[in-house]
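Given below, in the form of structure tokens, are the structures.
Each of the next two complexes has chain A plus one other chain: chain B in the first, chain C in the second.
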Partner chain A sequence: MTAVTDRQKLQYIAAKAADARVNVELETEGMTLNIGPQHPATHGTLRIVARLDGEQVISAEPVAGYMHRGYEKLSEVRTYPQVTTLVNRIDWLGSFANEVPFILAAEQLMGIEAPPRAQWIRTLLFEMSRIANLVLFLGDMGVQLGAVTPTFYAFRDREFVLNQIERVTGGRFHPNFDRIGGLKDDLPKGWIADTKAVMEKVREFCDEIEELFMNAEIFAERTRGIGVIPPDVAMQYGVSGSNARASGIDWDLRRDAPIGLVYPELDWKVWTHPDGDSFARFWVRLQEVREATRMIDQICDGLPSGPIMAKVPRIIKVPEGEAWISTENPLGEMGYYVVSKGDLTPFRLKIRSASFNNVSITPWLLRGVYVPDIITILASLYFILGDIDR
Partner chain B sequence: MTDETSTAPADDAAVEEEVERDELREELLASFTDALGDSLVGSHILPGKDLWIRVHPEAWREAAEVARNRLGARYFCFLSAIDWMPSPFGRSLDSEVDKQLAGEEGPAEEPVIEQGYAGGETRFQVFARVARVGEPNRFWGVTLKADVPDDTMAAHSWTEVYAGADWHEREAWEMFGITFVGHPGLRHIYLPSEFEGHPLRKDYPLVSRMVKPWPGIVDVEQFPGEDDEGDGSDSEGSGS
Partner chain C sequence: MTPTILGLELAYWQETTIRVLLGLAALLLLTGGVVYLYLFKFVSFMQSRLGPMEAGPYGSLQLLAEVGKWLQKEDITTENADKTVFRLAPAIVLASTFVMFAVIPAGPSAVIADLGTGIYFVLAMSGLSVVGILMAGWASANKYALLGALRAAGQLIAYELPLVLAVVGVVISAESLNLQDIVRAQSEGAIFGWDGIGNPFILTQIVGFTIFLIAVQAELTQSPFDMPVAESELVHGYQVEYSGIRFLVYFIAEFATAVAFAAVASTLFLGGWALPASWGLGDGVMHVVGPLVVSAKAVLLVGVVFWVRFTLPRFREDQLQALAWKFLIPISLANIVVTGVLKVVF
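After this line comes the complex of A and B, so read on.
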């Protein structure tokens, strides 16, 4: 850990020295570059205002809020079952994963536990949304570097995963399938065999991507040693998920706090990478997609039979109390702090979304980098705008 | 909903089984008490689940330092605030707005402010969550709370302890109107800079809520056979 900190220190000193040199020798004037809010490289409407000195960023300020929908306020006038419709739209690439922590928090307050089969299917769909989400990242990373092919591969193979999700839930992007006490429906007939075939396809996709990226010199040049986040800084800013694991933090809520999901019963591994650069973030996500396909295979084999819904009153009133539940979503730690006053609606719902924290590190991270690296660093941090703006 | 440092309300028979105590969290609470002394004014443990600690407003920053530097909770999860005043709008079905819509006069009750776990005395509270991460099997998190004095509406900023608190405090500032002393730049983060009001305060009306019946009304209306009139004619949820 100290080694990385030293390196970071050196990098910082070098950046400062470069600033001073440029300013003194060339007497350049700074320039303000506005990136976004609508720019292809910003994944939505994140705007970045960068102060430049030549090609170097002196300071970068992300401006969020172009898509703020006020879910925390809206959920105060929605019943608990209605809130899942809202939270579906936070991270829209892995929607099902957004519902799970909220439902688990409500279940904890009500003292209900979903039946085993529901927990298994929840875990299954949770990992499916992870694949649907991260596959797109793997392709998108190429676009940010000027390689278009991986994106087409990603969209092609994500479609198979989305089809499987649609067959169960009826929705490609917004399943709204999780219920307090269980799930809306059971799996359709023949689904499991098809899913296994799809997982095989996803693994092939991972091999393709690995071949395309890992041997490409340009990719290594543009990502190795770029945008290094030391573990201590990552933790201070609340960077979580794959980004944290790429900085060498051995932390995965699926292993460390597997509330209501069946991860302890599966055989899988938490991948970490010591470097903390853009390359590491890409590599960790690639391994996580592979790991997720392995988990899905195991769940398909071990799925217990039984009911998928616990006994739940028709009108759901959640007893007074407070609950915090977070899960390891595709983008990082996603959690809900639910305060209930015994009503039909949450009294207060604090949504802790992963991208908000992951992006809040950018002013620190982009200081001193070169303009083209802004794009790769942002791409490797991987955020979804709905997950920042909520 | 108890405060004070005692944890197990042993009056409930159902609690019998939960008497398996939460040693990890009790130890954690002990170390916090050790470090903060009298500044720790309330706590709550849900065995096997979570720990809440409330500190004196003056010790809000110190609590962060203790958590981070002494106990190793170097991971900053989030920081936000709660307005404990019951909302005059949309708290439940019998809220004043619904009564006005239905043409009844609601009895103007004085709202009773009732704080949650670990207690409290003021209408607003800041709360934050930090965790110790990075070592398998030694993961824990804690929710810290502090009252926000009604007259100053200010709390100490955490930005010097956890750099990531920056954006969260900006959000809490614009949503609740709580000033964070020592924050490098309290600016709007989501809302336009000319925005007036603090939307997450309970007395800030949600406009779509004022012009449409309560979106949840469809869930509780009576079945066709047993009703008299049913006011759920226009009851589909208001789309966002």
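After this line comes the complex of A and C, so read on.
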């Protein structure tokens, strides 16, 4: 038997009432449009059930779960080093960033700290996965609005970043590189100089995108004032990351809670935008990519020497205890709550992924907008399906 | 008088058949060329990729491979669809394009039907495709298709007006609705007494030309006006349920319409098949050169269409309606007034 919550009941009544109103006033019938689970705008299998009056949305409800892979449960039968393989696949565009908070939580429980060089390289790869993730967003926004060309530029320049990640980790999408106590390997020879050249290319890409979008009148018309999230609503729904910063919330875990990563030693800035609309979200992410390239340049210059692995027992048994670590991932705040009973495997793992909360605002946000704006808003909220359905 | 072609005396039906077949062949060849040149190559270079390279030298036979692929695919008619209407719709869209092409002259006598009201006929027939699109959207029994078809209907009707009004300026200048007369008026005309390049209306009717091109972009439902087929939200709108050969027909119709509109635009504004009369080339030469001249002009104009298509994001439905009603139509009306006044004064 499926339980129907009060909320669902109320929504059903509200939808019926809206239908009745429409029918009385205009003698038309409402239409329920299923956007997804197979739809190009949902980057996978998100389903939006939209009730339409003409082209206007009366109510919209996201339905997640079509790609649920049960990572929280699966990790209970995986040893700690094996869990990174799973969590890699949560946000598949910036995979390395998924591993870091989990490893940090395990390290905290074990009382180990990674050596400085490992921390610096972690931060470096963390920011590179941010670029690999957000660059695709910058191109994808074009496709959602009907301009195909920027996507190809995004894929072209993202390839350089992925190549650099591959040279270090051996994996383009799923590095599986972070270890409890440090990293698997050191950087390869000649990598730093190449990375700086790649960062130059990414900055050029940002300029190109800025020219294509920021100065384009159609882009401004399609995004400005569309899908405005006021700061208080954003906080109530737990919206995090660039979406929150685009609503003017000056909150960035890299600056406010930099556990285990070297952000305090770098010179960088948290970008916010007061508007909270789709344009602001695009703009903030564009600035964050630029900021990330600057950070990577600084890390390349200031990389300390030394070991990349702390002293870690051969068989990793995490002492009994609980730990919560969250980091500022490309999509927003991502955290792991690890409960250990002193075994080889976690007793319980809770994953807080950013996209799940970011998408939960859609029913509030999509009310009353037009169908084309659904796509703009979904694209600008920017979610990865793996990040919604762990 | 019996018409003759290459010295052969032909009956009316024989002559007409030859003209129609040649016209169809020309349209399909041009369409194929345009698809290869722009959709496969030009756009690929814009997007920093190579495009098709394997089929034929430099990928030039890719289109044949694509057509072969579509012909092999299953032609699916969905269960809830209104089957007759569903199957008829692509034919109507394609037919409207072919009929449009029938009155566009490609030489002193190379025209399928030399109608006295040529341009009126072209615009009327171009509007016919709306019927096919609405049929497709309604008969598909698909919500995306329905939304797409309604958007298409709204858009095509809205942009029909600036299209027609932009042409009125040309008609006033040429003093004729006949496309041959419009071509002759441009080749024999003079700009303030100087007839070095005739009087192509792109110079005197630049406002009309711009409005015409914008409206054509919308009529073709190409970006930035591709809301009806918006692939990222309506998943190709009214075409969503079509597959196999019927999708191929839509594909051909889309690009053939682009060629046909470009041919109309080059006839109306760029001098059509004719070269300036002051260059002293007789009709004999133009019989051969004319088709090449008008094809070259049309292909160039299609290039502009594709350039814009792959550069700009799309308007929202209400925004593109606002552009048509609040901006293009007033300007084209003002253009008519100014053209009329100047015509009377000079």
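Operating definition for what follows: the second predicted complex is superposed on the first by the 365 of 390 C-alpha atoms of A that agree within 3 Å, B and C clash if a C-alpha of one lies under 4 Å from a C-alpha of the other, contacts with A are read in each partner's own complex, and residues count from 1 in each chain.
One rule holds for everything that comes next: a contact is a pair of C-beta atoms (placed from the backbone, for glycine too) under 8 Å apart; a residue touches a chain by one contact, two chains touch by 3 or more.
For clarity, every value in this text was computed on a predicted model and none was experimentally measured.
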Based on the superposition on chain A, does the combination of chain B and chain C result in a clash or a fit? fit
Touching partner for A:49 - first (chain B), second (chain C), both, neither: neither
So which one touches more of the residues on chain A, chain B or chain C? B
With both complexes superposed on chain A, which partner does A:300 reach: first (chain B), second (chain C), both or neither? neither
Touching partner for A:18 - first (chain B), second (chain C), both, neither: neither
On the overlay, how many Å separate the closest CA atoms of chain B and chain C? 24
Residues on chain A in contact with chain B in one complex and with chain C in the other? none
Residues of chain B touching chain A in their complex? 1, 49-50, 52, 74-78, 80, 82-83, 86-87, 89-93, 114, 116-117, 127, 129, 133-137, 139, 141, 143, 162-164, 166-167, 175, 188-192, 199-200, 204, 206, 209, 214-216, 219-220, 237, 240
Within their complex, chain A touches chain C through residues 31, 33, 35, 39-41, 55, 142-149, 152-153, 156, 213, 216, 218-219, 221-222, 370-375
Under the stated contact criterion, what part of chain C meets chain A in this complex? 46-49, 143-144, 147, 223-224, 226-227, 230-235, 310-319
For a test of understanding, state which residues of chain A touch chain B in their complex under the given definition. 64-65, 68-70, 72-74, 76-79, 81-82, 85-86, 108, 231-233, 235-240, 244, 249-251, 255-257, 270, 315, 320-324, 326, 333, 335, 337, 339, 341, 343-345, 347-348, 350, 352, 356-357, 360-361, 364, 389
